[in-house]
Every structure is written in C-alpha cells, then in structure tokens.
Amino acid sequence: MDQILLSLMIFVPLLGMVVVFLLPNDREELIKRVALAFTLIPLVLAVYLFIDYNKSSAETQYFVSVPWIDTFHINYHVGIDGLSVTLLLLTALLGPICVLASWRNIEKGLKAYMALFLLLETGMLGFFASLDLFLFFVFFELTLLPMYFLIGVWGGPRREYAAIKFFLYTLFGSVLMLVAIIAVYLRSNIINDVAEGLRTFDIPELIQRATVEGHALGDSKFQMWVFLGFFIGFAVKVPIFPFHTWLPDAHVEAPTAISVILAGVLLKMGTYGFVRINMAMFPEGLDYFTNGDGFLGHSLALLGFINIVYGSFCALAQTDFKKLVAYSSIGHMGFVILGLAARNAEGINGAVLQMFNHGVISAMLFLLVGVLYDRAHHREINGFGGLGNRMPIYTGITTLAFMASLGLPGLSGFIGEALSLFGAFQEFPLLTILSTIGIVVGAAYFLWTLQRVFLGALNPKYEELPEINRREILTLVPLGILTIVLGIWPNIAIDMFSKSVTNLVNIVSI
Amino acid sequence: MVVPLISIILLAPLAAFTIFALFGLAKRSFPRQDILSTAAMLVALGCSLYLLNETSDPKPLTVEWLSLGSITLSMGFYLDSVTVIMLIVVTLVSSLVHIFSIGYMHGDPRYPRFFAFLSLFSFSMLFLVVSDNLLGIYIGWELVGLCSYLLIGFWFEKDSAANACKKAFLTTRVGDVGMFIGMMMLFKQFDTLSLYGTDGIFEAVRTLEAGQIAWLSAAGILIFCGAVGKSAQVPLHTWLPDAMEGPTPVSALIHAATMVAAGVYLVARMFPILTPSSSLVIAYVGGITAIVAATIAIVRFDIKRVLAYSTVSQLGFMMLALGAGSYVAGLFHLTTHAFFKALLFLGSGSVIHAFHAMHAHHDEEHADDNEDEHDNHSLVHEHGSEIPPDQDMRNMGGLRRKMPFTFFTMLIATLSISGVPFVFSGFWSKDAILGGVLERAMGWNSVHHYILFGVVLLAAGITAFYMFRLIFMTFFGEPRNQEMHDMAHESPWVMVVPLLILAALSLPVVNKWWFKEGYINKPYQAHVHEPTHAQLRPDSKTGDTNFGFSNFGISEAEAAEEEGGHDTEHADDAHHGHGPAHTIAMVLSIIVAGLGILLSWLFYHKRRFTAESVATTFRPVYTLFWNKYYFDEFYNGVLVALTVWKSRLFAKFDLSIIDGIVNGVATITRAIFAAFIGFFDNRVIDGIVNRVAKVIWSVGGRVRRIQTGAIQTYLFVVLGGIVLIILIFRVL
Amino acid sequence: MSLQHYLVISSILFTLGIFAVLTRKNAISILMGIELILNSCNLNFVAFSRFVEPAKNIVGRDDYLLDGQIIAIFGIVLAAAEAAVFLAIILAIYREFGSIRPDEVDTLKG
Amino acid sequence: MDFTLKTFIFYGFALLTIGSALAVVTLRNIVHTAFALMVTLFGVAGLYVFLQADFLAATQVIVYVGGILVLILFGVMMTSGRLEMRIHIERGQLLLGAGISIALLMLLLTVIANMPVWKNLTDDGRSLEPTTEQIGTMILQEKFLLPFEVVSVLLLVALIGAALISRKEVRD
Amino acid sequence: MEPLKNIESLAYIIPEIVLVVFAVAVIIFDLFVKDNESDWVAYLSLIGIGCSLIAIFITNSLVDINKPISLFLGMIRLDGFAIFFKILLLLATAATILFSLRSEELDVRLKGEYHTLLLAVTFGMFLMASSTNLLMIFISLETVSLTSYILAGFLTHSPRSSEAAFKYITYGAVASGTMLFGLSLLFGMAGTGDITQISSQIATVLESGDVSALGVLIAITFILAGIGYKIASVPFHMWSPDVYEGAPIPITAFLSVASKAAGFALFLRFFYTGFDTPEIIQSIDWRLLLAIVSALTMTVGNLAALPQRNVKRLLAYSSIAHGGYLLMGAALLTPEGLGAIIFYLIVYLFMNLGAFYVVVLIANESGSEMIEGYRGLSSRAPYVAGAMAIFLFSLTGIPPFAGFFGKWLLFNAVISEDLYWLAFIGLLNSVVSLYYYARIIKAMYLESAEDTDIFSFSKSTFALLGVFVVPTILIGFLNIFYSLSKKITLP
C-alpha cells in the first residue's frame, strides 16, 4: 500500500485532468471544486509522506521500480529522499493554493485551464519523485507544454512572446540535457573500455557506478562535458545568468497562479535537478567548476554571485511590481547556486532550505501582486501610494512577505540565505562578501516598493479599493505560517533532508 | 525557575503582538490592545526584577536549533548580570513608554497597532538581550530593526516618515551586512556561533595563535559594523535624526533607550574577541561620533532632533568607553543614559503633545504638500531640514509655568546628561568614561587616548551647552508663539507619571536599591580566565573594574575589596591606575559642564550674545554644523546615485551589452551567410532571442529564396549538388 | 572499339542530356534531354553486357552478361511510359498556363 | 589500332550520335531538334548493332523512333501554334549549365579512362549468337519475369494516368 | 540461402498480387457504377488494403523473420524489414483513402482512377521495400514515381496541381535518369545487378586504386540522386515543397509519409546490404557523407519552414526536416540506427498523417490552407485544435508525445557512434522547429478569428482523428514498439 502512495500522488492530478475534461463546460463552479479536490489529494498524500518519511535514514524510501521500456532498460522508478519529499510537499501545497488563486480571475476556458494546471502538477510531482533518468527527463519536459499554454492563453498582453520565449529557452536547455542523458546512458556499462552488464537509466545505480574505479562514467573529462550539458539544461530553468531573460517576461505575462507555480516550483526543478544529477552523479565535473584551477575553477560560485547581484540590481530598477518580484527571484536563486557551489554541509543544506523557502515566499509575493492587480488592473509601482491606509491587512501580509524575502531573521528567508552564505564563505570568501551586496540591495528594493505602494498619502484613485478578501487570505495564510514557523524552527525542514545532504556531501567532497 | 521566567519575559509581549495579528487577519482588532500590551510589559518587568538574584547559572537553556550533519547551531539563553540589567532597563523603559503612550497616542486611528508594534519590539529586544549566541543576537538585531522600521513609519502618510523608516532600515542594514560577514568569518574559523561555554567562541578564541590576530581584528571590526549601524555611529548615524519622524514614545524607547544601545551591548558582549586594533577603531569611531553629533546638535531647532543628535553623541561616548576598555563605564552609561534620555524624549513628547491640536492641523497641511511631491520618487529622500512647527523650539518658550511637571522632570534629565556633579547619575557614568579614557591614555602612555580624551571632554562640554540651550529655549523666557502657547497644557497623568518615575531613576540614590555594588564587573570570563584581549595588550589590566555603580556613594576601597575578592591581581593594577586619572577627569568634566551651562545661560537666557552673531562670525563652521557635515548629501549624491545608476545600468545591460555580444555574433554569421546567399537586412534588433530568431529566420528566408519556383533552378541544385558532393569527397 | 569507346560516347550523351534539361526553355526540349540521358544509360548497360565479365554465382547464364541488354529493354519501355506521362502533363500545363516554358510555371515557390 | 571499315563505320555512328545530340541541345527550332533527336536515336541503335545487341537495336528503332519521337512531335504540335519557337536563353544559365555538364563529363571521363576493371576490354570481333531468343527466355521464364510483370502494371498505370491528365476537362 | 524460383515465389507475393487485382477491380468496378457520389470505390480499395494486410500476416507466418527468403531468383526479398514497411505503407494508404473520402477538393468523377493509382503506387512501394536487384530497384522506383506524378497532378482543373505534376515529373525524370546512369556504372563495375553480391564485387574493384573509388563514388552519388529525391534530402529536396503545396492534401500526406518511408526502405536496403562493409567505408566515408547530408537536410527544412504561411507548405518543409532526422539514423549504418528509423517511421506515420488530416479538415471548413485560417481554432473546433497541437508538439519532439521518443532513439543511436556534432545539430534543429510549429499553435490558441462560427465535424471524423491521436500519445510508452524496432534487421 505504501508503495503505491507515491505513484498515486503523482497521477491523481492526471486523473483529475481527465475528470475535469469530462465535465460540462458551463459548470464552472463544479470544475473549480473538482480541480481543488484533485489538488488537495496530493497535498494530503504529501503531508502523509512528509510525516511518515523516516528522517533518520538517508536511503530512498517508498521506491517503486517496475520495468517500462525493457529494450532500453528504462524503468518506472520513483522514490523519495529528504530532498524530494520536501519539494514534493512544496509542490503539493502550492497546487490547491493556485487553484484557489485562480478562482475568480480566469475569464475564459476555465475547464482547459484547470485541466492543464492539473497536468502541470503531475509533471512537477513526477519530476521530483522520479529516479530514472529517462523518466526524469520526460517529467521535466512534461511541465513545458501546460506551462506554454497557461502563459500563452491566459497571460497578459504580451503573452505570446513570453510563452514562446519560455518555451524556446527551456527547450534549448533541455535538448542539451538530452544529449548528456544519452551519453550517460551509453556509457553506463563501460568499465575500462569494456562493456559489462546492461546499460541503465537508473539514477541511484548510475551514481553508484560513477564511483566504480575505471568506469567510463567516472572519467573526469567526460564528467565535465556531461555536467555542462545537464547544467545548461537546469540553468535555463533556475534561471542562471545569462539564461535568465525569459523569466521576467514569463512572470509578467503569466496569470497569478502560474507565476506562483513558475517561481515556486519550476525554478526549483532546475536546482533540484542540479543537486540530483549534476552534483550526485558528476562530482568530478562539479569539482572542475567549483574547485578547479584557473578561469573555470570558481565559475559556479561566480555565476551564483552574478545572479545575486544582477538580479538584485535589476529588481531595484523595475517599476513593474511583478517584474520586480521576478528579478528578485533571480537574485534569490543565486543564493542557492552559491550555496551549492560551496559543496559543504552548510552550503547545501542552506541551498536546499532556500529552495523550499523561496518557493513559499515567492509564491506569497506573486499571490500578493495578483491580489493588487485584480483590484487595480495595473502593476505600476509608482502608480499606487498610501495603500497601507486603505488595505491594512494586505499591507501587513505584504510586509511579512517582503521581510521574509529580504532575509529578515526570524522568517524563513533568512536561514537558507545565511546558511548558503556561511557555506560559501568557507570556500569563496571574497565572492561571498561581494554577494552580501545582494542583501542590502534586496532590502532596498523591497523597502522602496513598500514605500511607493503602501506608504505616503493615499492615491485618491484608490480610495475605494477593496481590502483583501477571505479567499485570498486563505491562500496566503498557510504560506505565511510556513514562513514564520520555518523561520523560528528551521530544523523541521532541515531534519528532513540533512541526512540526504550528508550523503551528498560525502559524494561531492572527493 | 530561570528558564520559565525568561520564557515569560519573551512570550508575554510576543503574545500581545500575536493576538493583534490574529485579530487583524480576521479583519478585527482586539478591544483593548493598549492594556494588553502594557500588561504584558509589566509582567515582563516583574519577571526581570525577580531575575536580579538568579544569575548563578549563566547558561540555563541551550537547544539544538539546526543540525547539519556534523555541525550544529544551537539557541539558548545566557543570563549574567549584564543580561539582567539590560532586561530590567528594557522592560522598565518599555513599560513606562507603554503607559505614556496610552495618553500620548490617544485618538490615533491606528492606536492598537502602535501597541502591538511596541510589544513586538520589546520581544525582539529582549530576545536579543538573552541570546547566548551570535545568530540569536543577529535575529533579535534584525527584528528590532524591523520594528524600528514599522514604528518610524507609523505615520506613513507623511512622506518624510515613509522616507525615514526606509532610510533607517537600509542604513542599519549596511552595518548588519558587515556584522553578518564578521559572523561568517567566526563561523568559518570555529564552526559555531555560540559565544559561551566550552565549545563557544570565547573559549575557542583563546587558542588562536599570534598569526591570526589580524584576522580576528577584522572579524571584530566587522561585528562592530553592525553596532555602527544600529547605534548610529559615524558614518552610519544619519538615519537616527530622521527616525524622529516616528511618534515620540518610539523615539524614547527605541531610538534613545534600547535599540540604539543594542550596539553598545553587542560590543560589550563581544569584548573577549576584541583585539587592541579593533578596540582602537571602536574608540575612534565612538569619539568622532560623540563630537560630530554634539556639534550638530548645537544648531538644531527641532526639539527632537536636538535630542536625537544628543543620543548619537552619547552613544559615541559609550562606544568610546568600550573601545578604551572601560567595559563597565560603557555599560553604566548605557543604563543611565537609557533613563534620562527616555525621560528627555518623553518630556519633549509631552511638550509636543501640548501642541496636539496644532499637530493635527499641521498633518493636513503636510499631506497637501505631499501631493505635489508625489511623483518625485527617488530611493532616498532628505526631509530633515523642514521642521514641524510643534517641534520647533523657536515656537516655544516660557512653558515652565504651563507644564510644571514636564519642566521639572526634563530639567532633572538635563542636569543628568550635562554631568552636573554628584546627585545625578549621568555625572557618574560620564565621569567613569572620561576617567577610563584618561586612565588608558596614562596607563599606556598612548597618544591616541589623549586625543580621544580631549575630544570627549569637549563633547561633554558641548553636551551641557546644547542641552541647556534646549531647556532655556523651551521652558524659559517669553512665549515666542502666543497662539501655540495658549493652547499648551500640562499632559494627563498617564503621561506625567512615567516622567516622574524616570526622573527618579535619573538619581543614583534611586538606582542604588536594585543595583548591587560591582554587579557589573567584568566582561565574560574575565575573572575566570585571562581575557584574550588582555593577553594581547601591552599591559593586562582591564582598568575599569572599580568604577561604575560602586561610586554611588560607596567608598572606593570597599569596591576595590569587593573586586579583589574576585581577582586580586587586577585590583592591584586598578588601584595604582585609576586614582589620579579619575580625579583629573572628574575635575575637568565638572569644569566643562559648568562652562557649557554658563555659556548656554549667557546665550539663551541672558541673551548676552546672540547665536546669530556667532553664527555669522563662524559662518563656515556654522554651515558645516547646520548641514550635518553633509553626510546626507554625500550619501544621496554619491552612494545612492551610484546605486540607482548601477541598477539602471544593469537593467540596460540586457538591452545593450548582451545584445551587443549577440549582435557581434550575428554580424559574423551575417558575413558568412552573405558570402553564400546574398545580403542580409540591416535592421537594428533588440533582444537576444529576437536577434537569434531573426538571424535564423532570415536564413530561413534565404533558403526559401532558392526555391524560386523555376524547375530548372531546382535541377541546377540537384546536379550542382552531385558535382559538389563528388568533388568534396573525392577530389578535394 | 573497346568498352571505353562506348562509355565515352554514352558519357557525352548523358552530359548533353543534362545540359539540355538545365538550359532549354521548352518543356519538350527538356523531355528530349531526358531521353538522351536514358539512351546513354541504355547504351552503358548494353556495352557492359557485351564486355564485362559476369560476377560469379550469378543466377542464369554465366558466360555472357545478357542482363544488361534486358535492363536496357526495360529502360526503353520505362522511357516510353515516362514520355507519355510527361507529354500528358505538358499538355495539362499548356492548358492551364498557356505556355510550356518551364520558367513561366512558377506560381509555387518560396 | 588498325583502321578497318568496321572502325570507320563505328566512328561514323559515334560522330553521328554525338553530333546530332549536340544539335538536339543547341538548335532553337523545336522541330529541328526533334529530328536531330531522331538521328541520335538511330545512331544509338547503330551502336547497339556494333555491340551485337540485335534485338535491342530493333526495339530502339521501333519504340523510340516509331513511338516516342512521334509522341514528342505530337506534343510539339499540340502545344505550339507555330512550329518555330525561338526562345532566348539567359547567358548565365547557359554558362552554369555548361559548367555543370562539363564538370560531370570530366569526372566521368576520368573514371572511364582510368578505371582498371574497364581497361583493355576490347571487342574481340567474335560474333555472338542472336540474343532475341535468350532474351525471351530470360524475361518470360527466368529471373526477369517479375520485372516484366511489374512493368506491365506500370504501363497500365501510365496509360490511365496519361489519359486522365491530358483529357480536356469540361468545366462546369 | 537459395533464391526461390518464379512459381515457388508466387505464394509469397500474395499481398502484392491482391493489390494489383484490386487496382484493376476498382477501375472496372468504377466503369459499372455510375453513381459518382457514392463512396463504394473507396470502400472497395479499403477492402483491398485489408485483404493485402491479411495476406501479409499470412505470408508472415510462412516466413521466419530471422531467415529472409529471396524470391524470383533474387529479384526481391521477403524479410521482417520488408514486412514492416509493407504494413506501414498499407496503413498510410488506408489513411490516405480515408482522408480522400473527407477531402472536398478531389473530383468525384475520377474516383476509380484515383483509387487504382493509389493501390498501384502502394504496390510499387511494396517492391521498393523488398527489391534486391538493380533493375527491380529502378522499376519499382519508376512505378512509384510515375504514379505519384499523376496523383500530384490529379486536380486537372487546378493550375497548382498541374504545376506540381510538371515540376515533379521533370525533377523526377532527371533524378531517375541520373540514377539509372549510376546504376549502369555500378552494374558495369560489379558485373551483376544483385545488390547482395555487389558489396563483395565492389570491394574487389576498390582494391585496384583511387580512381575506382572515384568511380564508385560517382555511381553511388548518382544513385543517391534517385533515392534522395524520394526521401527529399538536400540537395535533392527542392521539388517537394512545390509539389506538396500543389498536390491534393491527401496526396501530400501520402507523399510525405508513404513515399518517404518507401524511399527510406530502399535507401536502407541499398546501403545496408550493399555498402556497409568496412572496406567500402574505409575507402569512401559514406557515414560522413550521409551525416552531412542529413545535417543539411534538417537544417534547410527547418529554416525554410520558418517563414511559411501556408500550412501545407510548412508541413512540406517540416517533412523535409524529418527526412533529415531519419537520415541521421541511416547515416550510421548500425543496427541501432536502423531500429531508430523503424521506430521513428511508425511515430512519424501517425503524427504527420494526423497533422495533414487536420489540414484536410480545416481546408474543407474554412477553405484555407493558410495559417490565418487556423486562428481561433481552439474555440471554433477545440478537439481538432487539441489534436493538432498534439501532433505538432510530437513533431517537435516534446515529451510525452511519441515524437520525442522517436527522436530520442535517433539521438541515442547517433551518440552511440560518438557523432556528437550531428546530435547537436539535430537537437538545435528541434528547437528551431518549435518556432514554426508553435506559430500554428499560436494561431490556434492565442489568436482569435474574425469569424467565430463553430466548425462541426461528424463523429467518424473524430474517430479517425482519435486513430492518430492515441498512438501519438501512447507509442512512446509501450515497450512493444521498441522491441519491434530492435527485432527488425538487415543482413
């Protein structure tokens, strides 16, 4: 029974998609309710898994492995470890929240919207759970299509451009990844230039084989190239400078719920993949880019640094509320990269925690932007002013989210960021110190925004602006609670994955 | 017993805030938030007082907060005499401010919120105080920053308030980042952020070798950066005067008594890791701050700004004391300053409250002004030069008869801060600082400390001058603005009672009953181990052991004996060091205080000289003071402009640089394809993807153009292709 | 008269056929060029069948490679069929476009 | 190389073939080219005779000259009001066509001249038995049966198709 | 393995015979049925195809897939490879007939001829897939070509169609003439027409020096012109966009799938049996030649597709590009490459035919083949739009659709030969291809039409659509197709 839970969680939204499809077009309330129900089931299951997960073990749990495409040794292999269970919970949590956030503001094609959203959720859940490289890739790509339509059909005025840009960028990254996957597969049974045994796509198996003496997968030159292939694939998703330019466009045009998913989960797919594949499977390759000599030696940390500083400064320059949040995401993902580049327990734990926290916080931020947009129908920061007077609760929650995002201690954003920096400082002191610029600038743009939107005299245009309603509060409260709880007691999350991370640290510290 | 007490101290205000937040989410508000918050603070105060005698176990609680495999970060409480005194100061001032606010904030539309924020602040401050590790301190540190932000911007409809709160947060955050880097350095070295105990940093720092001193100095200075920000030391002091945009009780609590003193507290806590060079940096920063702020205060007319600069200046005194190694003096001054400065602020609040009607009127006017400026947004604003009329001392005068209690209590505080000898606590603490610095100078024969002593002495004199200037302008003479004067009235009892209590606390006699002698004696572990910094110094004495509360009328000998019980060696050192130094310092300080008061009397009461004539005579100096040494202009003009410019540049980067590269690549591509196919169109194209897409697109167009529709062209391609294939593969 | 003689002749014919299809501005001339090409092929086959030693194990006659001639016969038949269809299409083109200039039949392009 | 009558006639045929083929590709008058093509086809038939492919030579004359060429002439007549069609040929096209053709010819000649397996295969002058019967046997009884049947299908299709395409459509 | 004699062979070519019989039967039947409106001719053809399919399965049971049988004294060969292609071709033909039933551009009066020609061309393709003799190769190719010319020009009242036929036949005649010349050279070098023997013969020839290699290269390149034009590989692809655009849509679909598949069958058999010995590869690097051709083919196809506004033409270019992808596998001359092609062809059959079917439907309803006609399709015909989106995404190669799995196999094969550059070009092309496929999707989903009438389609239309959609989604997930692709080999 336990074995089936994970698969159930992955495929329930898919079933939901079919069910939604079968509903009549005009029963909109019903469609919404059904979609909500089908996103709540994975949430329940994810919570169950989260609680039931044996934290004291670093082993993969709940794994299921059944042959799928025998000819190519592809298995349906899913399982969770501390890392994936955390992100699964995040994904499952954001599912119903996004459905709720789409309750009123989807004006056309609600049915298709919900169906696509459910498909998207299956893709995301499957991605985080899959332990077969091929399956992993299929789920990775599976998120692409619904995302394209969700941005392209239900997005803002420049949605076509944003959607195709998103699609092309991601596809570009993923085809490079595909080459790398195939290369890994083809070498998976070669030891000392002799083929032994069967090829495999199985991730744990590949990780294990890469450590075998003389295995073709362990070759450092090979690892470097394959690392690069995967890296670019994931870098587009994260996004890492200079592959980031799709993100602001996609975010700005996407409907609120989709921005939430995009920032909350999709970006994490990049970093998760990086941890799961690049770090665990290719420690030599990682070594080349984090510890090597010369120009590329610190390139990964450098990219993290660039992301932080670049994202922060770009955010500072924005006048579009949503674009600002989007750029802030770029900055915050930089901390993740920096932490991962450090390759030590603090850095990686911090990075993983930051992944989760950023998922929660950026989701809040986008929801908040959406709330404001639904009311004022624009997002120009300078066009507001003094809303604090008119919408005190909204202002309060926004302040909480901003403070969490700018890394205020006591809220969850801080711990991940701090641990990442602590870890990174041990390896790259100078870059880390420079990266702290991001902290100041982060505070600057959030406070400035807070001032321009909420403080000062009330803009007379918005004297009648209604306060945030209960449904919207309902979407924000769980995230807010998580932000506070994890800020106060981060061990809840870190406990889940610290064993897995320790494992990882052992692999990468060669 | 200790742990639950501390927990109550922390949780009571937190609970008050949480209740507010929960009600807020439900779109309601708790009926009597003011009572709730005040009660919470009183409970905390009671518990703090109980803790006075409970310092036997310094580490009552440690819990594992984060475990990352091999590394564990823990959180916990640390309770020693310093902690307890800070707890009492915070809870006491906070309680009084709460009570005062019940009157002062009465009628404000966001009345409950004010109390909730005060509660949150109190929680954060108390958390900072009791934390036993740097991470906890940092958390509390940032949280008080947040509360400061929220409270400065409490009247956020005013643009000046909105700007001030942002400025405060950002400026302190700059310092915090320094502190954070310092923490990272310590963490890298020691793998822990705990300060105390066998695995703490203070223990580990003793094992450092001589070669690592420079590194440790750097870490110490970086940690001190945090204090520079929070305690408004030069060069990050500019936020504090602007922070006066917040309600006056907030200024009293946060920006006079507690939060700004947190920096001093932090430096005192980190005492064991300070090396001589980092100490010297701290001392200089403190000294410069003391004199710079004092000189600026002379020329202010806004009553709150005078007090604000005075606060900055006094914080400089404390930093100087710590930097000079006068640990106890620094903390002593922190305590006394907390009371009399809170009193001064609350008193000024009472005065402002007296003009409350005008205040409301003014608000409307102000809001109108803002309309015009609404579009003119920039990252940092400077609104300091405009003085609200109800805070302008030039509108006051002769209030002593209208507001006797306010006048009386403020006078006590002014006497205290000015260092009028013997009956006022400020005299003792300031004297301890002066003595400590002079003693260090004499003991080490250090030029640095002589200079610092001179500076601080001058600053003390100026302090007396501008404080009495305030008193004379506000309470003496004839009313300058009759309309406002007529409206003024004594404040209600909820505001007066806290003033009286604080006035009492400005007298050493009152303090005596709860401070035991030598209660604060030395930095952590100083009496158990040789402190690190002591090892590293030319001579090993801490020098300040006998001063402080022992001077509240108790003989020095007794105090020395008390000390000697702990550490005879130090007591001996102390004895031969302090005698002459402190005597000289005391005499000098009395003289400069007297001079300051006298000058002030001559200028502002007797009108022997007019400030204007002096200002004209020393025009450049005056201008410098008036413009606050141009710090804000510098920041605005250079740093902020630079930042904004950089961010704009980065935003353009996408458009210009990346595109530039792409355009370059495209040009090459174009050249190649042009050779084969023809010419490419020459349009300017924006966006990396667009560019690539367009290149591909036009190649597509080119490829397409071969498809002329004429069949013989196709045949040419076929046969030409055949020839080419053969040639390429065989002949060439 | 060696094999090479014939091959040279057929090569020239082939090349001329190619030249014709590339340059003639009349669909029927192009057809003629194609016929030249096919003739050259047939000539090749016949020449090979006359001179070239058959490969071993070939099914059928092994002293004489008659296959070439038979292929040439099939070639002629195919040429005829192709010519018929080609001409039919030329007629259709003439009907629709009023011209059989190949470069005037270019509505489909790009 | 002995210059016999046979060789003389051979070269005659060769020149006739190539010369008329040249005429096919160069003459501007479409009818003239058609006649030149006829000469070429005759020439090839003559070469078949030299190669002792008697049946094939006959077929060539009958099918090509008798069938295809007539067809072509019909085509010429049906598509052109006047018999003479003077069409200007672009110089560039001409040059490029010539270039490609010459390049191809050079390549082919290089191979033909130097290919070891094709060297020294001269006509030994021995006369072979008539091929007609053998061809008949091979087509109908041996391995060329299948192609034969397939070609019959092909011809059927060509028949249907040619009729279909060329018949004048009665428009509505 | 001794080739079977003529009479003995007959039992094995029953599927072909059935096709010919039905082809003749159809035209005769047409003579007697005067009712032009009825679809009986089409149904009869479908029955023919069904019979042929059954016959294939029967003969299949006679043959051990691993033991190919040579028929008609070595003229053709019956093996798993041939059977696979025959089934594939029959499916494509059946689909084409079904499309034609829906298509409104075909002249109802010419149904008999139309279906006869379709059956005949299928017959020719059968032979293409199984020929092992130079003559058979040429004859089967010509059969297919000639019939295709006629089918392309089938719309006698449409100038576009006539033009297509004209271009097709001119191009095809030159290409096949060139090929025949190449075949003659090969024949002259090898002394035999049997391609199973050619490789050893050619190897001997090649021993004699460089010039021989040039000779072989010329011969093969000339032959490549003939085969390459069938599969529309660069530089022999140029006819295809024009012809695809001008021909009736069902025929375009047929040409782009069946004709291409048959071309690949011929190509694979020719190169795998004739030219994959190490000696030959050593002297002339076919793999490199073909790899370059394949890279060029997909690049040209994709780039030229970018600016197209006519969906039919766009799909024509796209099918050129897909020919390029398939050629990647062919260039490898490895079993993996072969398996990948087999699998990809199955996938391609469904997704490409599906896409063309949608084109047929839209052309019927809106009378337009232009991309503008697809605007707002998501609201006018949501299911058709959804199906089209699936086909297009599958053509792009995006999971979870079958096209991705097909591409994956191809790239897998390419990378296993360490041809990373080719894989990269292929993948970058996939990215580029997204751009133009997405334009159709964009028009369908992101743009709205001026005209917002709802298109109505019959149930059978949806059923047929489903026949293409379901495999496009499912094939990648079913192991059977992978093992099938692995089972089919060439000697």
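Read from first to last, the chains carry the letters A, B, C, D and E; within each, the first residue is number 1.
What we mean here is this: contacts are C-beta pairs under 8 Å (C-beta built on N, C-alpha and C of every residue); 3 or more make two chains touch, one makes a residue touch a chain.
Quick caveat: nothing in here was measured; it's all calculated off a predicted structure.
Engineer: Spelling it out: a chain qualifies if it touches subunit D and also touches subunit E; which chains qualify?
Structural biologist: B, C
Engineer: Write down the chain pair with more C-beta contact pairs when B-D is set against C-D.
Structural biologist: C-D
Engineer: Give the label of the chain whose average Cα location is farthest from that of subunit B.
Structural biologist: Max centre-to-centre separation from subunit B belongs to D.
Engineer: If you average the C-alpha positions per chain, which one ends up nearest the average over all of them?
Structural biologist: A
Engineer: Compute the distance, rounded to whole Å, between the mean C-alpha positions of subunit A and subunit B.
Structural biologist: 36
Engineer: Counting in whole Å, what is the centre-to-centre distance of subunit C and subunit E, each centre being its mean C-alpha position?
Structural biologist: It comes to 25 Å between the two C-alpha centres.
Engineer: State, to the nearest whole Å, the distance from the C-alpha centre of subunit B to the C-alpha centre of subunit E.
Structural biologist: Going by mean C-alpha positions, subunit B sits 77 Å from subunit E.
Engineer: Between subunit B and subunit C, what distance separates the C-alpha centroids? Give it in angstrom.
Structural biologist: Centre separation, subunit B to subunit C: 96 Å.
Engineer: Using the touch definition from the top, which residues of subunit E touch two or more other chains?
Structural biologist: Only 73-74, 135, 139, 142, 146, 149-150, 153, 156, 162, 165-167, 170, 174, 178, 185, 188, 214, 218, 241-242, 307-308, 435 qualify.
Engineer: Which subunit A residues sit where two or more other chains touch them?
Structural biologist: As it turns out, subunit A has residues touching two or more other chains at 168.
Engineer: Subunit C: which residues touch two or more other chains?
Structural biologist: In subunit C, the residues touching two or more other chains are 7, 14, 17-18, 21-23, 27, 31, 47, 52, 59-60, 67, 70, 74, 78, 81-82, 85, 89-90, 92, 95, 102, 105-110.
Engineer: Pairwise, which chains touch?
Structural biologist: According to the stated criterion, the contacting chain pairs are A-B, A-E, B-C, B-D, B-E, C-D, C-E, D-E.
Engineer: For subunit C, which residues are in contact with subunit B within the complex?
Structural biologist: Residue positions touching the partner: 18, 21-23, 102-103, 105-110.
Engineer: Which residues of subunit E touch subunit C once you look at their complex with the stated criterion?
Structural biologist: So the residues of subunit E in touch with subunit C come to 3, 73-74, 134-135, 138-139, 142, 146, 149-150, 153, 156, 159-160, 162-167, 169-170, 173-174, 177-178, 180-181, 183-185, 187-188, 190-194, 197, 201, 241-242, 245-246, 307-308, 313.
Engineer: Quick one: in the complex, what on subunit B touches subunit D?
Structural biologist: 712, 716, 719-720, 722-723, 726-727
Engineer: Name, in rising order, each residue of subunit C that touches subunit D in their complex.
Structural biologist: Counting only subunit C, the residues touching subunit D are 1-9, 11-20, 22-29, 31-33, 35-36, 39, 42-43, 46-47, 49-52, 59-61, 64, 66-67, 69-70, 72-74, 76-85, 87-92, 94-95, 100-101.
Engineer: Looking at the complex, which residues from subunit B come into contact with subunit E?
Structural biologist: 693, 696-697, 699-704, 706-707, 709, 711, 713-715, 717-722, 724-726, 729-731
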